[in-house]
Structure formats: C-alpha cells, structure tokens
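Here chain A shows up in two complexes: once beside chain B, once beside chain C.
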Partner chain A sequence: MRWTARDLRSLGIGLAYLAPSLVLFAAFVFIPLAETINLSLFNTRATGAITTFAGLDHYLELLTSPAFRTGLLATAIFAIYTVPIGIALGLVLAVLLNQRLRAINVFRTMMSSTIAISAAVGALIWLLLFNPSLGLLNYLLSRVGVHGPEWLIQPTTAIIAVSITTIWLTLGTNIIVLLSGLQGVPEEIYEAARLDGARGLRMFTRITVPMVSPSLFFLFVVDTVAVLQAFTQIHVMTRGGPVDATRVLVYSIYQDAFQNFQFGFASAQAVILLLLVMGLTLIQFRFVERRVHYQ
Partner chain B sequence: MRRLATLALAFTMAAAACGGTTPSGSTTPTGGAPADMSALAPAKDVAPAATLTWWHAMSGVNGDALNKIVAGFNSSQTKIKVEAVFQGTYDDLLAKLNTAIASNAAPALVQVYDIGQRYMYDSGQVVPMQAFIDRDKFNTSDFEPAVINYYKYQDKLQSMPFNASAPILYYNKDAFKEVGLDPAKPPVTFTEIADAAKKLTKKDASGATVRFGFGPSIYGWLFEQLMATSGALYADNGNGRDNRATKVVYNSAAGKAILDWWKAGVDGGYFYNPGIDNDGAANAFNAQKTAMYIESIARLRGHITTIAGKFELGAGLYPRPDSKPATGGNIIGGASLYIMKSRPPAEQQAAWEFVKYAMTPAVQAQWQSDTGYYPIVKAAYDQGPSKDWATKYPQFLTAITEIRDSPQNRTTNGAVLGVMPQARQRTQKMIESVLLGQATTQAALDAAVEDMNTQIDKYNKANP
Partner chain C sequence: MKLGRVANYALLVVGSIIVAFPLLLALSYSLMSESEIATFPPPILPAQPTLDNYAQVFATIPIVRYLLNSFVVSSAVVVGQLLTASLAAYAFSFLVFRGRQVLFFLFLTTLMIPWEATIIPNYITIRSIGWLDTYQGLAVPFMATAFGTFLLRQAFLQIPRELWDAARIDGATTFRFLVSTVIPLSRPALGTVAIYGFLSTYNQYFWPLLITNQTLMRTTQVGIAQLRFEETLRWGLVMAGVIMVAVPTLALLVLGQRQLIRGLTAGAVKG
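Now for the complex of A and B:
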C-alpha cells in the first residue's frame, strides 16, 4: 500500500488530536516505565546513581529468593481474602440499598461513606480497633466470652486484619458501582420473572446477578489491580510483618527502593508486578468475561 | 622515598593496632593529630545567604520546640532567615533526601537520624562538619563526649549532633508497691527484670492476664542497645568505625542470651508482646496493661502528660546481662545536622551560622526543657530552663546519667552500617520469628546474620 497525501494528512490530524494525551501518557507512564525497566538491569549506588550493568542478575536473584516467593504468596493470599468477599459483601449491601424506602438516600450515603475516607485514616482507625489490649474489637469479643486473638502479632491473623481493613476501605466504591448497576436493570425483567414464578434467592441468582455481571466483572478487575497495589494500610498497620506475613510485593518494592536504597533490585520487582497485573487482567478478560452478560 | 613509605606503613600498622585492638579501645586514634579539614569548607569571608532551608523530622511537641529555635535565630539577627520544613518521619526524610539529591534539589541543612550516618557519608553529598569546626577553631571541648563520639567517623565529625536520646526502663511505681517490690530500686539485670515481671504479672479469675510485668516492643533499636549493654559488638571492624563493616556479628553468645531471655519471658506469660508497634507498647504501659517497658527518653514527656498522676512513673537504667559487663553501656540515639555539598557556599555558610546558634547553651537548655532530649553542650545544664526542668522531672536525668556512666568504646559508640535501617528491620523479623516459635534463638540469629551479610556485601560493592 502506498501512502497518499490524504492518508498522511489524516494521520497528522489524528496525531494532533491525540497529542495532549500522548504527551501526558509519555510523561507519566511510558517514560517512567522505560526508566524502571532500564534501572532493573543495573546496580545503583544508595543515591540511585547507576554504577554497573547487572543484566538479568536482579531477576535471577528474585527467582531464587525465598523472600520473594513468600512475598508472592502473601500477595496471592491477600487478594483471595479481599477481592471475592469485598465484592460479595458489596453486592448484598447494594441489593439491600436498592429499595424504594423513605430516606433510603441517608442509608446509601452512610454505607458508601468509606469512599471518602483516606486509606491512611481508615488504617489508623482499624489499627486502634485491632489493638489486643485496648482495642474495641477484642473488648466486644470478650463481652460474648471469646478471647480475641492478638490480631497484628500472629502472622495468620495479621493478614486477616489487613484484609478486613482493605475490604472495608473498598466497600464504598463497590456499593456505588453495584448500586448503579442494579438501578440500570429494567423493572420489566423482574416483572416477567415474577410472572414466571421466580422468588427470593432464585430471582437473585438468575436475574440480579447476571444483569449486574458487567459491574461485577468491572469490580473484579479493578479491585484485583487495586489490591495488588495496596500499600497504605500495610504501611500503617504492620509494615510487612510479622515475619513477612503481610510483606506483599508492593511493600517489598517500597522497602527495597526507599528504605534499603536498592533501586535496581526494586525496579526488577516492579517490572514483575507489572507483568503479573497484566497477565492476571488478560486471564480475567479471557476466561471470566465470557460469563458476563452485556445487554 | 622508601623511608617515607616505610614510615607510612608503620604509621598505618600502628593506627590499625590502636583502632582494632579491643572493643574498649579509645575512639581517638593515637596516630597523631588529625589532618585539618578547613579546605573543604567555604572560605571564611563568603557572605552567608539570606535564606536557608532546613529539612527536619520533628513533629508534635518536638516540632514546636524546633520551630521555636528557628524563630529565635531569625529574630536574633537580620542577615539570614531559616525556613524549617517538616518532611515526615526520619525514614521519609531520608527517602526524600535521596530523591532530592538525584534531582539536585537537596536543602542546605538536613536533620538525619543516628543510623543514617554511614549512608550520608557514602553519599559523598556532605560537607563534613569538621571542616567548619577546623576552619573556625570552633570549640567542642564542652560537648558531651558520648554524643560527639557517636557522630565521628575516623575521628572526623561528619555532622553536628542535634537531638540526643537514650533508652531507659519505664516502670510503674504503684504496681511495684502493690506487689511488694521496692519502687526506689528498679530491676537492672535480665534476671532481676524477669523476677520482677513475674511478681508484677496479674491474672483475673478466668486466668486471662490483666497486667504483664514487662512489655517491650519488637524494635530493632532496643536489640542494638541490649547488645551494647552486653558489651558485645553488632558489626565487625569495631562496629564499622575502624573501617567499613563487612559483617554483622550479633549471632554471638550475647545475642543469644538476649533472645533467650526475651523468649522465656513471653513464653512464661510475664512479658507482653505488643509486636513492632512502639506506640502500642507505650499505650499498654499508660493503660497499666504492662508495669515496665523500655523505650527512648524522648517519650518521657508524653508519658508524664498522658499518665497525669494516675500512677507514679519511675525511670530506671536500661537492662543488661546478670554479669553487668564493665565494657557495656548505652549508645546514644537521636539525630544530627548535615550541611549539604550541592548547595552554594553562601548557603553552607548560613547553615553553619545556624548550627552554631543551635549549639549555644541557652538554646540547648530550652530545647531540653521543651522536648526531653538532653543537651549536647554541657554548659546548658547551668542554664535556667535546664535546672528548673531537672528539679521538676528528675526522671529525665536517667538518660544522661546512663550515657555518662557508659564506658566509651566501640560497643557503646554504636554500629555504623550503610544498611543500618535494613539491618534494623531484619532484627525485628528475627525477634518475631523467635517469639512466635518459628525458629530457635540461635537459628534465627544465624539466619538474620546471613541475610544481612549478603546485603552488606551488596551495599559495599555498589558504594565503593
């Protein structure tokens, strides 16, 4: 095919229209990304200045490092604990909030209010709640005769505590997205189903869930990506401990880059995280999206 | 020429022999007077810049006190205006400084914590404080020796100590009286603390513990201090002071004794484990969930305010092994001020003017009474605010007594490592794994040491 003057002109116009976003993407995504990949192939001084070429050394070290494997495992556990429960809980609450009741907006605002709370503040609140000796949570448990665990001190409960906090933090967004999905379901479909004798749980699993499946899928993808990048609550509550139980990939990148000043090694982890997120998202689109019902 | 070489060799060997003999060797090499560093400072006649930015990490009460010093300096003269910028925690500040250095945006004066020392030195971005001291023949003879020794590397002061602390034992005198312990005699050795903690531990009818005897948080600094009071080195090459450290060596008998003691206490149910949460440990003590704990003197003022007379607060010496090794003592903590090389000479000059002001006895005395950090300059104790302070809160003198009673040697000078922040995290993980029963004390120590040695190796290679 030969380029005519018209083709070139339209390409020029197209690029001109795209220019603002291309410039922004280049400045904030592509250039830093290229820089990260580049940095992952080098050793650096503590100040970040590049010293010697490392080739794939950092990657090889990661693949053989037990600490990195524990980190991946922690990340996976964290995602499994938070994403499904967060979405399920969001759906239940959204259905409850999708009623025509007097003052329902008050409840909607209340239930989705965590969207307005910063992760740092939320994590601090939960840090206090989880305190084994002074926290409200174990006090309430003790009132019903349960001896509460030392939440942030035992590895198994620490990851649960951080997950609970994360679910709570994302709940607001989940409710809003699902509520808007629910409100987009035409009333006629429910009416038709009712005429066919569908009730309660059957109505929920056969009508509601498929009809909001685009929203559910959207949240599944977005929440997974968000959870893989979760940092604040871990920084505030556990700093990756105890014994690395909550040292997810992002936290280990942070520690290696900004506390240990090993920028090359941290960059290599960042590249792996990027590949991981991309891979997961692809898998989600490939396999899960098939079950999504678009109207 | 050959004679000169022989002489130099002999000199080097003598210096090495003096520096590396015993952990109790003096910090001052006896190999002759140190070379003058004046040349590294701007010339004396460079006029100071009109404005100066100072990054610091002091928040809350201590931040207010710091701003008071800045305001005092700004109104004491008309030539220089200091602008203090709070940059978050010590860790945050160092991370930001690192970024700023890369983009050439570092301020002229920065406050960096104790363990950032080697990193600052290796960055090559600092004008050694010694350069200004030598140039102006600034007199440091009245400075607290332990503090000044901590910030010296090979007998050169890299930075000016600013806020100096030490860890102490906090204890609840009322609880002591309640169980028949003498509130005037806090326990000092590991066994004394364990015995007192057993007595102080109280259970309710259901068997749940309502008060633990002792509740230290899992804080790497506390372990470093326990190594020092044990008279044991943390790192090789004289704690990284005779030469750059190549290994950490805390997997010694001293390290094992510390962890065994700690583990026995937690397993026995008379030590409380608040995890890595230092605030949590302090809160548990305030709420009388624990009767004793160890932390920096810098928390004392906060405790006095929070406890507000609900119980009588005692301050005792930091724990040490039963043998009370004579070579053991406490390391100073806190932070110091660095003048950055990348700024123009005029700004460095202005920074030096401010540093000198901050070191005057009157400012030091005020700083002490506002924060609890003890003065760097001994003459400060003769000043009004310091005297009033000592009368009102005698507990504050615990830290300085402790530091003055510590022999000055490589152990008590403290470890200097480029990877010190990371080493601290690693010891915390090590203590966690022991307390949680995931590893025996010796295995945990060895694993931590092995990990850190790999990191030190990496660091030393990357920062030649």
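Now for the complex of A and C:
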C-alpha cells in the first residue's frame, strides 16, 4: 500500500499526540532496555563505562555460579510461599465479603486496606511483629506451647517472614480483584446449582472457583510478577541475608550493580528477570485472547 | 453458603481485625513509651498514651521535608501522567491514522518490561545528566503510563461519536474537542489514573533509594526506613514514623476507593 499525502498528514497529527509518551518511553524504557542487553555483553568500570567485550561470558558465569543458583532458588521459594497462599486467603475473604449485609462496605474497606500500604511501611511493622523478644508473634506462639524461632536470623525462617509480610501486602489487591470477579457471577448460576443440591464446600469448589478462574489466573500472573520485582521488604527486613537466603534475583541485581559495581554482570541478571516477566505476561495475554475467542 | 447472620458478622469482624491488626498495632505502639514497649508480655494497648514518639520523629528526621518531597514528586508524576496519557488515549480513540495499531502495540509492550530490568541504564543516564538528588530525577521517568493510557482510552471510547461529528460541523479543532468535551466527560477515569499514579509514586522505594543521597532529598519511604538503621532501634519512634507516612495513603484509600477499585479490576474481570 502506498502512502498518500493524506496518510502522512494524519500520521503526523497522531504522532504529535503520542509524542510526549513516546519520547518518555524511548528515554526511560526502550533505549535503557537495549542498553541493558548491550551492557550484559560487556565488562565495565566502576563508573559504568564499558571496557572490553565479554560476549556471553556473563551468562555462562551465571550458569555456573552457585550464588546465582541460590538466588533463583530463593526467588522460587519466595514465589511458592507467597502466591498460592495469598490468592487462597484472598478468595476466602472475598467470598466472605461478597454478601449483601448492612455495613459490608466497612469490612470491605478494612480488609482491602493494605492496597494503600507501602512495602516499606509494611516491612517495618512486620519487623516489629517478628522481633524475637519484643514482637507479639513469638509471644502468641509461646502461649500455645511453641518456641518461636529467631525469624530473621535463620535462613529458613527469614524467607518465611518476608513471604508472610508480602502475603499481607498483596492481600488487599487480591481481595478487591476476586471480589469484583465474584460480583460478576450471575445469581442464577448459584440458584441453579442450589436446585441441583449443591451446598457449602461443594458449591465453593464446583461453582465459585471455576466461575472466578479468570480472576484467579490474572492474580497468579500479577502476583508472581510482583514477587519477581519485590525489593523493598527485603531491603528493609533482611538485606538479602542471612547467608543469602533472601537474596532474590532483584536483590542480587541491586547488589551486583550498585554495591559491587559489576554493571555488566548485573545487566545479564536483569535480562533474565526481563525474560521471566515477559514470559509470564505473554502467557496472560494469550490466555485472555483465547477466552475472548471462545465467548 | 448460607451461614447465620450472626456467624457471618462474627467472621467478618474477626477477619477484618486480623487483616488490619498490624496497622492497628503500629498505631498503638506509636502511642507507647519505649520502656512500656520493652515490658513482657508484649503490651497491645498503651497504658498511658503519649504523643512523645511523634515529637521525637520531628526531632530525629526531617519528616516534614520528606513528606514535602514525596508530595511534590507524586503530584508532578500525576500531572505528567494525566497530560501524556490523555493525549495518547485521544490519538488511540478518536484519531484515525495508519500505523495506529503498531504504535498501540508498542505501548502494550512497555507493560511487559519491569522497571528493575532497565534500572541500571536509567541510573547511569540520570547520573550523567546531573539529576541525582533532584525532583526531576525522581519524577520525570514515570510521567508516561501505558496503563493509564489504556484506562483513558476505554473511557474515551464510551463517548458518543455524535458529539465528535457535531463538533466537527461546528468547526471545532481536533485539540479543542479534546479539551472542551472529551476531558470533562472523562473525569472519573482521570480520577482513577490520578489516584493510581499518586499512590504508586508515593510508595516507591527502590528508585528514590538509588538516586537520592542527600538527606534533604529523601522521600518519605526511604526516610522512615532509615529509622530502622539508627544506632539504637526505638520502636515507638519507628511506629510513629510509619503512621505519619501511611496516613496520607490511607486517607486516599478512603476518599478514592471507588476509583482505585476500578483501576485494579480494569484488566482482571472482563479480559
């Protein structure tokens, strides 16, 4: 197809409206993205200036690096602890909130309040809760006869502590998304199931869960991506420790780039992070597309 | 799943208290003296509520300056996002031109790129143009939003085409139609974008941590987190700081709940 003068003119007008966004995206998303990939192929000085070509060396180093493997493992454990429990908890609370009751909005606001809470604020509060001597958590555990651990001193419990904090931080979002998913389920479906004799748990597993499966899937992707990007709670609570137990991928990028000044090596890890997030998001897009086709 | 009404309320009350408990506890601890916090078993409510910790926050860190910094940066991001996103959404909804699909797809791809994956070159750029420790360094990188553009585009598409035709007949320019008709009719969606932009900027941590070194350019989140790394950790003080930093966002949640929910569920419910 040939471009006519009219085509060019309307494209010019369109671009004029898009220009502010496009300039910002170019400057802070697309060009930096290309630079990240480029940096991952080079060695750099502590200033960030490129010195020698490294080819795929940084990637090969990642493959053989035990620290990187530990980091990926920590990231995976973090995601496994956080995402399913966070979504399950959100679903239970959303079902509870999906009722026509007086003052239900007060409860909805209270339970979704964590959407407004920053990760820094949440991490500071939970730091106090997990404190072995002053914190309420170990005191409550001791009341039921359990000797609470030194949460942030031991590697296995530190990642649990960070995960609990993260579950709490994402709970508000999960509740709101699932609640609106539940509200989209027509009442007739419940009626029909009730006539067929479905009750209680059976109603929940056979009707409610399948009907909100698009929201569940959406949250699965969004929450996993959020976990992959989680930095604040780790920086405030554990600084990646103890013994690298919470040194997840993003924290490792931060340390290698801004504390060890190995920008090339850190950029290779950033590319891995990019691939993980892109993969997850593409799955989400395809899923949505398929659903639209079947409707 | 019909439970009795009383049982329902009981579950709702218990659930709400558990979810909100950490916040309520932070409030309670902010009103306790350090010696009371150190008693065993850990207290839940202050025996003699005191505002000392709040006074101590003012004496220990420049909290007013932190709040000011965060408000300036977040407001700038909101204004920037509203401008760039309305212009772009307008092009994607009312204007017809070749290449529109490709450009729309380009916007879409930015949603797949995590900020952390580009943070190293962005840091190097901001440093090289002398924007470390500046408001523009904190705000400008976030002034374009693909998410906000989509949200506004959805709202703009709801506006009847007849208005557009009528405006053309009246001789209104393309830009005038945006300013005098499209923007005023899309206030709820603009509100959603604004609240979203404000919350996400105000709650940022990684980027401000990276590009601010001077105490006076710190934002609230980075500023209060520093309290944790003081020589002696004073929990009452930290909790008072936490409450002061969380109050603006909680107020925003209560005031703009409807807008926030609309934003959160935009992508989730109906694909």
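Here, the second predicted complex is superposed on the first by the 253 of 295 C-alpha atoms of A that agree within 3 Å, B and C clash if a C-alpha of one lies under 4 Å from a C-alpha of the other, contacts with A are read in each partner's own complex, and residues count from 1 in each chain.
Rule of thumb we're sticking to: contacts are C-beta pairs under 8 Å (C-beta built on N, C-alpha and C of every residue); 3 or more make two chains touch, one makes a residue touch a chain.
Since this is a predicted model, take the numbers as computed values, not measurements.
> Classify the contacts of A:V243 with the two partner chains as first (chain B alone), second (chain C alone), both, or neither.
first
> Is chain A touched at more residues by chain B or by chain C?
Tallying touched residues of chain A, the top partner is C.
> With the two complexes superposed on chain A, say which partner A:L134 touches: chain B (first), chain C (second), both, or neither.
Touch status of A:L134: both partners.
> So, does A:N43 touch the first partner chain B, the second partner chain C, both, or neither?
Touch status of A:N43: first partner only.
> Applying the touch criterion given at the start, work out whether A:M111 contacts chain B, chain C, both or neither, answering first, second, both or neither.
It touches chain C, and chain B stays clear.
> A:F258 in the overlay: touching chain B, chain C, both, or neither? Say first, second, both or neither.
A:F258 sits against chain B and chain C alike.
> Quick check on the superposed pair: does A:S215 touch chain B, chain C, both, or neither? Answer first, second, both or neither.
In the superposed model, A:S215 contacts chain C only, not chain B.
> If you stack the two complexes on chain A, which partner ends up touching A:L169: first (chain B), second (chain C), both, or neither?
Once the two structures are laid over each other on A, A:L169 reaches no partner at all.
> Which partner chains sit in contact with A:P155 here, chain B, chain C, both or neither? Use first/second/both/neither.
Touch status of A:P155: first partner only.
> Check the residue A:A74 against both partner chains and state whether it touches chain B (first), chain C (second), both, or neither.
neither
> Which positions of chain A sit in both the chain B and the chain C interface?
Touching chain B in the first complex and chain C in the second, residues 48, 127, 131, 133-134, 258 of chain A appear in both lists.
> Would you tell me which residues of chain C are touching chain A in their complex?
Where chain C meets chain A, its residues are 1, 5, 8-9, 11-13, 15-16, 19-20, 22-23, 25-26, 29, 37-38, 40-42, 44, 83-85, 87-88, 90-91, 95-100, 103, 106-107, 110-125, 140-141, 143-144, 146, 149, 174, 199, 202-203, 205-206, 209-210, 221-222, 224-225, 227-228, 235, 238-239, 241-242, 245-246, 249-250, 252-254, 257, 260-261, 264-265, 267-271.
> Where on chain B does chain A make contact in their complex?
Touching chain A from chain B are residues 91, 95, 98-99, 101-102, 119, 122-123, 125, 208, 272-277, 280, 283-284, 287, 289, 418-419, 421-422, 425, 428-429, 432-433, 436, 438, 455, 458-459, 461-464.
> Show me the residue ranges of chain A that touch chain B in the complex, using the header's touch definition.
The touching residues are 43-49, 51, 127, 131, 133-134, 147, 150, 152-155, 238-239, 241-244, 255, 258-262.
> Sort out for me which residues of chain A touch chain C in the complex.
3, 7, 10-11, 13-14, 17-18, 20-22, 24-25, 27-33, 35-36, 39, 48, 93, 95-97, 99, 101, 104, 107, 109-129, 131, 133-136, 139, 168, 171, 173, 176-177, 180-181, 184, 199-200, 203-204, 214-215, 218-219, 225, 228-229, 231-232, 235-236, 250, 253-254, 257-258, 263, 266-267, 270-271, 273-274, 277-278, 281-282, 287-289, 291-292
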